[in-house]
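Chain lettering (A, B, C and D) follows the sequence in which the chains are written, and residue indices restart at 1 in each chain.
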Amino acid sequence: MLQVGIFGITGYAGYELARWLQRHPQATVAWAVSESNAGSSLAAVVPGPLDLPLLALEDADWGAVDVVFTALPHGVAARTALLAQSHGVRVIDLSADLRLDSAASYQQWYGAAHPDPALLSAPYGLPELNRAALVDAQLIANPGCYPTSVLLGLAPLIAMQAHLDTAPIIVNAASGVSGAGRSLKQNLHFVEANENFSPYNIGHTHRHVGEMEQELGKLAARPLTVIFAPHLLPVQRGILSTMYVQVRQELALADVQRAYGERYAAEPFVRVLPPGQLPTLAHVTYTNQCAIGLTMAQPGLLIVTAAIDNLVKGAAGQAIQNMNVMYGLPETLGLQ
Amino acid sequence: MLQVGIFGITGYAGYELARWLQRHPQATVAWAVSESNAGSSLAAVVPGPLDLPLLALEDADWGAVDVVFTALPHGVAARTALLAQSHGVRVIDLSADLRLDSAASYQQWYGAAHPDPALLSAPYGLPELNRAALVDAQLIANPGCYPTSVLLGLAPLIAMQAHLDTAPIIVNAASGVSGAGRSLKQNLHFVEANENFSPYNIGHTHRHVGEMEQELGKLAARPLTVIFAPHLLPVQRGILSTMYVQVRQELALADVQRAYGERYAAEPFVRVLPPGQLPTLAHVTYTNQCAIGLTMAQPGLLIVTAAIDNLVKGAAGQAIQNMNVMYGLPETLGLQ
Amino acid sequence: MLQVGIFGITGYAGYELARWLQRHPQATVAWAVSESNAGSSLAAVVPGPLDLPLLALEDADWGAVDVVFTALPHGVAARTALLAQSHGVRVIDLSADLRLDSAASYQQWYGAAHPDPALLSAPYGLPELNRAALVDAQLIANPGCYPTSVLLGLAPLIAMQAHLDTAPIIVNAASGVSGAGRSLKQNLHFVEANENFSPYNIGHTHRHVGEMEQELGKLAARPLTVIFAPHLLPVQRGILSTMYVQVRQELALADVQRAYGERYAAEPFVRVLPPGQLPTLAHVTYTNQCAIGLTMAQPGLLIVTAAIDNLVKGAAGQAIQNMNVMYGLPETLGLQ
Amino acid sequence: MLQVGIFGITGYAGYELARWLQRHPQATVAWAVSESNAGSSLAAVVPGPLDLPLLALEDADWGAVDVVFTALPHGVAARTALLAQSHGVRVIDLSADLRLDSAASYQQWYGAAHPDPALLSAPYGLPELNRAALVDAQLIANPGCYPTSVLLGLAPLIAMQAHLDTAPIIVNAASGVSGAGRSLKQNLHFVEANENFSPYNIGHTHRHVGEMEQELGKLAARPLTVIFAPHLLPVQRGILSTMYVQVRQELALADVQRAYGERYAAEPFVRVLPPGQLPTLAHVTYTNQCAIGLTMAQPGLLIVTAAIDNLVKGAAGQAIQNMNVMYGLPETLGLQ
């Protein structure tokens, strides 16, 4: 039985982690740290089904855990990961602190010096694309929610070398409000988010662009440009990315469909929909699945749609999947 | 053309006021004061259809307005009303500061000494029940949202003297989230309020209980007890009150139905639904209407359901209706 | 490994059953029958995470299953239960066909003669109240969603014999739209149900009143009257019942709180909230939990609030709990 | 006072028309025809604030009206427009029957022969682009909801001749559920649409593509290709179109911003947001406004975002605006 510690359990991703870990037959939550609510109980802080004492950092017994999940703001997460490392405890980090490959990139996208660039050697925890590097890893960088949908949605196409560089890849995406976190902001007030739909940080500015371009560039073995337009969607959870890719004129949809089918045939968490079907949030919410649909809009222009639950495949579920890979457990354990 | 000033325009009720006043053929917004956003424009503060400069209090030209609406927190509202009075400007106050009849009652329900008990002589601005007192008034206390639904829903029954005192009147109510205001609170975060339904302050504790009992008591000419259970409802706007009243065993629904029909026959904003129909929020949202349904659950137990839009008949629309009455204008002017 | 058959898998309760059974370590879905979609696959009919072939009734291999769940309209369910019995297969019925104790009561509340009154001897499947009768049962009547919340919410109070009969028990309840089923009706169109809140069938008319009064009457050992006012709530799932009970004047809230705590101390799926806390849908959705809050509105008037997920504790989860009890498995198996 | 007849008042667009016409100082609804509900009253068919008798077609007094609005399915609308013409009554048609320029185009996009191609000479009722043709028109083709957002969003850019033809214009759009109409469909059931987000008819297939390409082509004076990806959004109303346009590399955002500002300076219903601001549904719902935002994603790629209320500027409000233009009334009359 793996003993697990959670940092940031009062946030949406941390809470979701705890919910899924309840079901995991070979892992259990040993303790949860919440600096801002230490001494309280989870049920007193978050009205929901779970309860658990919330510890201060200094009361965390590092000897009692095998691995910790850090569901913390960036910056804080890196410092916590370093602390865990110093105690010989493995880390799966749900923040952005371990995802980028260089301190320069971190500086560019997060506007701050990286707390400890050595952490950036952590493997990128998207098992479908990077499984081998995750086995026995001490540290794993859990991917961002938007990048997960984009990378799973585009990887087989990039591998086909069918896309063109005459235009950037356009990713029009929508995310449920839990993706914006639990902190109070005016635009997340129910009355402002409900019955609304809001583009934000569109163009080449959202922080996840750096992560997407980095990982897509690796797959393509050359730099790619992503134009990214996220929208805030009035639902609890779920991301749908609608991606427009210029491809070779002669590329046939049937060939794309076949390539995706083969690429993901053995993947338990990726589902390529049959021709003519399109993924919706209802295909994936409350699961660790990614659903993908393929449409040839006109010769030379492919639309890939990909849906995930931002809190599951986009955060907590993927983190548990990474833990399973890290420890050589069946990858779907506790994730059904 | 009446010149109008608005205090608290960045709140939901103040903003709604400004929206409706745009349509009013005999009133126009001369200025709007926002202490916290003075110097900014409304569009920069609230993403929505309206724009207007936001003034500091000291820049408000009292000579330019006939009447002000104070859509402010209680306490602040009373001080602003006093200031308006000192400039000879009429006031329609949307806060609770003018609603209760005595300083003692204010102390009991709001937990603070009233800033100036002389203000408590302002007439209660529910035109359907108190029209005569509002004509030419200098000050009007605009009713609370929940009390508006309850008082309109029960007034004809109380007048029939058909209710019994063997049990309190039970008011089970649900309100859209705009009723809780625009300030940031964890339970109003989209993810916490959406897909949720939450009872709060149930029993005999919510501040509107004092207002309901006061006004119902006047109608009954004896004290009445109200047990009140409000619930937070995941919609933008709307209140539905489901009220359980013990009545004389022999009271026939048809007689109740007739009494309600007659009582409200001439009222443009109250609609008594035919037997067997029940009001829903869809009957009233975005209108100044109150819709009422009547059900005899069993001999001796009447259920009255009443729906309003908390921002219109429960706040801004009623305030404009009060302004119309105050100035002798047609009561429905600008409210269709 | 229990082999399970599902009838009605394309409905909300049937689909939810299949989702939870995926996680059950000792049960697996052998087949699913859908008369209206036989020959198709579940994924082609319901856009969601699941897939499964949909069989015609005549293709169901009764020899391959130990137990079937019938999530069918009433009337059809009884006929299917009879058929299962004739094949020696156990039945957990999610319809109303097995819940009432007499054919007369069924006629009264469902307006039709019961297809086979012998089925009415099936035990009522609310394990917290009726566990012993369910062990090794061949047939179980899974309770209605509203009655589950009401019975769990009131059982300890009834057992205290603290309630009075001078007034009926008033149950004001709200249910998410999945409770109304997947069939197309105008009031369930998104635009009509969203941003709305609608009372329906209020008084003493909703079909679940008969079931509530029957089971409460057994607990009280005398007839009780329930006045029931359900409301349609614009959320996917969840029921909140706010119940008003006249009790002895001298009854202290602390005593009620203690009695509830003791009554449910050993129940894994019932949670009595501490004094001052009230249950919300967020406490229970996507779980098999019932959360209960207690408030003394005034001496002699207790308000009990109880929340469940109508599709889990109110339908599919409770059905699996019943299966666990029926077969002597740990009651929480597969339900976390 | 213009006397108005409405066909299709029980649909969402027809009902919205009736709501706005209540406020119009120089128009009044003389009668409303509803073939499927003739003899009933509007309040009995649609639970909402309005009431009105519903007539059969043969009871419509053509002599009593100046103009009719046809908010009917395509096909039926054309036949009704012909009938109105034969009585010398003007028509503003909210269906697609008058929008396309040729019977061939109608056949291509609507899959049926046009009932009477002579009707296709009706002017396209987007006043901001085609005002002169609407004055004194006998027939007006009210635009589609999606096309309204796209045409207002792109017209100034097309006029700048700054866009390139190396790639199609990509329109990623989301619409509230009222855009899909009031008829019952499984995907419009509350439980299926709520908490969901669904792409549909993406590529070059949605019927509005023909209308967009036709009108954009006129503005550009050459054919343009639109790739269109609509998504069903879980809100009552509102359309947001996010449009990706390849433009000349050297085009500066400031120049685009200036051109849009000048183009719409005198338009009461179009609002170009300042640089850095993006439109949301909250900017426009329940108004006849279109709000537009401009973003240069990278040199050569402009993102235009445009928001409208599909039921107002996308249907009923625009129809009233067209009526105002048709009769030489102030264009904003009744639309505030």
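Going forward, a contact is a pair of C-beta atoms (placed from the backbone, for glycine too) under 8 Å apart; a residue touches a chain by one contact, two chains touch by 3 or more.
None of these values were measured; they are calculated from a predicted model.
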Each chain counted as touching chain B and chain C at once: A, D
Longest centre-to-centre distance from chain B, chain (CA-based): A
Between A-C and A-D, the pair with more C-beta contacts: A-D
Centre-to-centre distance between chain B and chain A (centres being mean Cα positions), rounded to whole Å: 46
Separation of chain A from chain D, taking each centre as the mean of its C-alpha atoms, in whole Å: 39
Centre-of-Cα separation between chain C and chain A, whole angstrom: 36
Sequence positions of chain C contacting 2 or more other chains: 47, 192, 194-195, 234-236, 280, 282
Chain A partner contacts - residues on chain B that touch it in the complex: 12, 47, 177-178, 182, 184-186, 188-195, 234-236
List of chain A residues in touch with chain D within their complex: 166-168, 170, 172, 174, 192, 194-200, 202-204, 225, 227, 229, 231, 233-236, 238, 240, 242, 244, 246, 278-282, 285, 293, 295-298, 301, 303, 305
Partner chain C, residues of chain A touching it in the complex: 22-23, 25, 47-49, 195, 280, 282-284, 286-287, 289, 336
